[in-house]
Amino acid sequence: MGIVVKKKSAFKGLLLPENKITAKKPIENLPVPEKVIMPLQQSIGAPCEFIVNRGDTVKAGQKIADSTSYVSAPIHASISGKVSKTIKVVNTVTSTIMDAVIIESDGEDRWVELKKLFDIKKSDDFSGLKKIVDSTGKKEILKKIREAGVVGLGGATFPTHVKLNPPPDKKIDTLILNGCECEPFITSDHRIMLEYGRQVLAGLYIISRTISPENIYIAIEDNKEDAIRCLEELIIKMGFSSIFKLVSLKSSYPMGAEKTLIKTITGRSVPVGGLPMDVGVIVNNVATSKSVYEAVIESRPLVDKVVTVTGAIENPKNLLARLGTTIGYLIGECGEVGSGANYIIIGGPMMGISIVDTDFPVTKGTNCILVKEGRVQIEQNCINCGRCVNICPMKLMPLVYARNVKRGNFEVCREYYIENCIECGSCAYVCPANIPIVGYIKTCKSTIAKNNG
Amino acid sequence: MDDYKNKSGCEINKGNSRRFWKELAKGVVISNPVFILTLGLCPVLAITSSITNALGMSAGVIFVLLCSNIMISSIRKATPLMVRIPVFIVVIATFVTIFSLLFEAYFPPLHKSLGIYLPLIVVNCIILGRAEVFASKNSVVLSAADALGIGFGFTIALIMISFLRETLGTGSVEIFGRQLFKLPGLSVHPLTFFISPPGAFLVIGILLALFRWIGVIRGE
Amino acid sequence: MRNKILSNKAYPVVFLAVIVIVSVVLLMAVNSMTSPIVKNMQVEEIKNTLRSIFPEMSEYEVDDEVYIIYEDGEKAGYAFIASGSGYSGNIDIMVGLDSGFGIKGISILSQTETPGLGSMITESLFTDQFKGLSASDIALKSEGGKIDAVTGATISSRAVVNAVKEKMIEIIDSLEK
Amino acid sequence: MNNLLTIFIAMVIVNNMVLSKFLGLCPFFGVSKKLSNAFSMGIAVTLVMLIASVSTSAIYNYILVPYKVEFMNIVIYILVIASLVQIVELIIKRTNIILYNALGIYLPLITTNCAVLGITLINSAENYSILESTVSALGAGIGFTLVLIIMSGIREKLDLADSPKSMRGLPVAFLTAALLALAFIGFNGMV
Amino acid sequence: MEKDNILISHAPHIWRGFSTSKVMYIVVAALLFPTAAGIYFFGYSAIYIILASIITAVLTEFVIKKLRKKKFIMDGSAVITGLLLALILPPGMPLWMVVLGAFFSIAVVKEAFGGLGYNIFNPALAGRAFLSVCFPKEMTTWVLPPYFNYDAVTGATPLSESFVYTDKLSLYKDLFFGNIGGSLGETSAMLILIGAAVLFIFRIIDWKIPAFYIGTVALGSLLMGKDVLFQVLAGGLMIGAFFMATDYVTSPVTGNGRIIFGVGVGVLTVLIRNFSNMPEGVCFSILIMNAFTPLIDKYVKVKPFGFQKKKKNA
């Protein structure tokens, strides 16, 4: 039949217990919270600087921080209210301290004026949309994306306008829309594809205009059959069937990682230390695509995000939450936490970060909050079984890292290409001795970064 | 180089006898060549499968060490720096050969069982080391004391290792053909491993660890 | 004066040469003193071994590699040294033949076999088995001969047996000529 | 030919310099902490062993034996080795600076390496001809290098191990050597 | 949710739960098949030897861990060492020797190097090698299966030279089912294969080492002009290939490394069987290759993802 292509994974992946308990739960709008915490660094690149002062009144969607640096994305107020104070928060990704402002809500949720060029929800005639996109120049699209503060929402938070503007010597021939969402528990992308399919496809069309690739793939794992069917219908309906290719992938962890995804779809291997564009590919997440659409067509900045709140909680949900909403508020919205739950994890169970403080805000990189039970596992001696080597999608030797980092031999790890590690956690998942290999790898990477200045 | 000359010119007249005993004791305990400095290991491992061999080896080492230390010390002022190492080697080799010839004449079985390890005393790091570090810079009397101290330290280590190896490996201990004792069970089923080459490595490894362990407990 | 000598460029070489010469002279002296003793001892050892096989021996003479044994002036037998490689090194065996070329007795001169196992070949329990055998009988029982191997030390035993047998045939051949 | 092969195999594995003759233990424990050093040391020792064996064997067979002064061998061998090491060092320094940088620091240590004097003495004791001496020296050198490399590989791994405090370093190296020697017993009687 | 209870850990926060002890106990379960063969053929003495060996091994490990003030984890590795050692000893071995061997295996070969995961040599094999140097006589005295010869008489193992047989087919049959002289657990190829199948089913071992090991021995025996089937079935090759050479700790970690290891052990086994004094080469050849494992692991690395591409570009 139709336009769906099936593919097997091109690497030895893991079969994880899926636990996608929120897959059937529609996205709910989270009520506007009383306050939001807006950290200054929500993307890779230079931190922003405030352009509002304490006591200022801001509207939702108003830019509150920006940077002159190219590799950076501005930050917008997600609610209307008063800038009350500046605080320090920990950046969970880099473990550094960064500045943040607190905006206290005025309860009115007033927005800046948004200029909507097209209403995708109501219209079933998409030729107008195409016309609008076609008539917008590449530069203007990129400018709009930057102004809206769109970054990669898959978790990497790389500024999208930079990604979509590769150096001229890199010929990009393939664009991949990543709808794999291979981690257990998380369903935010899945729900976005089901509920915002139009925006996602339109966003993909906009993205394709900026880099004009020869092939455009939409990659979805076969455990999200409904999303595949939904997007297939929409592609035909919206008239994209000649340019978009829908690929159904055998679900396998970590399919959603860029390098494994590219390998599976195109057969190309991103070189060690290289980027996808080195092999002529750009990968974008479905949520990013949706945000690109909103930025370009509705001039709506990135102020909210679909977050899956799941795990040992009374009422797991997919919530559309304003950026800066505290995690505690999201958890509170989903009912009682299970009695034995002792882990709060931002992100999925494989790559997420466990936190103690529920005052931490939702940022652009947050896609899941997982509350779970767990036991402290005792690290045992490595028995050289080679399971980690066998499973590593990047074909590295994780046991070497763990062993050497323990003794402080960081240089040895570099000889074993530690920089190629994508920290997917497969090695630690299969390790019989329960060695927190990823923890050692992170330590090693940050030490090497520090030592190199 | 200057430093070397200064030291060699320095004579110690007072308290010679006290220093004599001090140097002697130092070699036995503080700088025991085998356990503390881990020098001269080849003969230690090779010939400690019986106490008799160990005693023969020790006699050789003490003889050569004493003679060469005295000799080198007494010619130390006339020895030109440039050729000092060859001179040391020739002196040592001469005494080793003398000892070997005498041994062959008077203790032929022992000479045979020590085999090439007797001539190899020449390259034993202990002897060349003492010549270079001590004898070439100190008086004849002190050098003799040093030689005896180091020699006895070496002997004690050798006896200790060979006693263990012979006891475990044969179940009985013999010195020059005379039996000291025989353990009833062990001599029927001796742990031959301990007189085989791997056993030599094992015994020394364990002894080294044991001494360190005792040291650790003392809070060294 | 002394300094002048010490600083002379040729001095180190001369000094070393003197040391070497002194050393050589000294060694020559010691050697000339010990070598007769050593030679004497070696002869003694052979004699003792031969006597252990031929208790009645009065004298012997050496002909190439064969020792000819005399008892009261009469030829009483022959002896020779056979050697073979055992489990962990060479084994040298003194073999005594009576005048009829049967084995009078053997004695292990040197061996480095495993103590308590292979080294049991030196014991009379093993060596006495050879007494009176002719060359054709010398083989391990498992191989059709008349000799019991030392338990658990087949290799050492076989080494002795083969060495004795081979050399014995060779010697008898040359004696018969 | 068969005899030469026997000598060679015997020297490499069965009567290994380090594991069964206990020769060259100082470098075996001293230079086996890093693999690259161990390899350089092994090559340097093999080289010196070869040259020393050829020359001392010639001296033994053509001077010492005919003139019946075998008892002088110790003095003469050690002098030959000492001067050979000097000459080799000089030649390498003049001709190949890369090789010198790799082997240079090990050469002086080799004079007092008992494995070198040991192999020359073994050659004389066994009455080997010059050719046999060469082969036995080559075997001994290769055997030495082999166990040195094995040992350094193991010790690099042991560095990462959680052995008891009093065992760390030399004691555990001795234990390793013991087990290595135990494993090599399997080759017994191969020649 | 109380704040005090909240824990922090590194990602990933889920674990497969296939722990070291699980691995170890599956190996123990697999070993029960050859063990059963040993008990069936050699009777009570086999049970005593197995118990003595296991108890000594576990006790030794316990005491050493306590002496070092470390936590003793009953992870089953000591049980494996004890059991394996018992399986490769002759059935008539005096018990105190078994105890000594098990003590040597754990104390010297394993714990002195830092315990599980740090040992360089396979403890059970090194223990056996130790015993065979100490007690060569007892280690080469083989009791024939009593069920085939009611008085427990000593006899030769198939690989020793004095072994005689008349009918080839019945010899193969005996070798396969285990009705033959030899070590406790190595006689029945069939039950070892069943045990190995268990390991494969639970994916405990990689096929590479046993396949290349047995393959190399078969090929080598063919080149030497020996009876290939006999060489493969006789002696400790089967148990060595599936249970000893595949020991994680002392074998290489990468696939290619394992192939090199397997071939190496195979070549050594053929050499030792044919040229050395030892009738059996499995134990020593695996020990020798154990010594090479760190080198193999150092030089045989996995090519990382995207590695070749980089080379082409460069």
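Per-chain residue numbering starts at 1, and chain names A, B, C, D and E are given in the order in which the chains are listed.
Keep in mind that, in the parts below, a residue touches a chain if its C-beta (ideal position, glycine included) is under 8 Å from a C-beta of that chain, and two chains touch if they have at least 3 such contacts.
These numbers were taken from a predicted model, which means no experiment stands behind them.
Path length between chain B and chain C in the chain contact graph, taken as the least number of steps between touching chains: 1. Here the chain at the heart of the shown protein, by mean C-alpha position, is E. The leading chain pair by number of C-beta pairs in contact is A-E.
Rounded to whole angstrom, the centroid-to-centroid distance between chain A and chain B, based on C-alpha atoms, equals 71 Å. A separation of 34 Å divides the Cα centre of chain D from that of chain E.
Annotation: 48 Å between the Cα-based centres of chain A and chain E.
In this assembly, the C-alpha centroid of chain A lies 61 Å from the C-alpha centroid of chain D. The set of chain B residues that touch two or more partner chains comprises 86, 90, 93-94, 97, 101, 190, 192-193, 196, 198-199, 202, 209. Under the contact definition stated at the top, the residues of chain D that touch 2 or more other chains are 71-72, 75, 79, 160, 162, 164, 167, 172, 175, 178-179, 182, 185, 188-189. Contact of a single residue of chain A with at least two other chains is seen at positions 381. Against chain E, in their complex, chain B makes its touches with residues 189-193, 196, 198-199, 202, 209.
Chain contact summary for the complex, chain C toward chain D: residues 20, 23-24, 27, 31, 85, 87-88, 155. Taken together, the chain A residues at the contact with chain D in this complex read 381, 403-404, 406-407, 409.
On the chain D side of its complex with chain C, the touching residues are 69, 71-72, 75, 79, 188-189, 191.
Looking at the complex, you find that chain D touches chain E at residues 35, 149-150, 153-154, 156-158, 160-164, 167, 172, 175-176, 178-180, 182-190.
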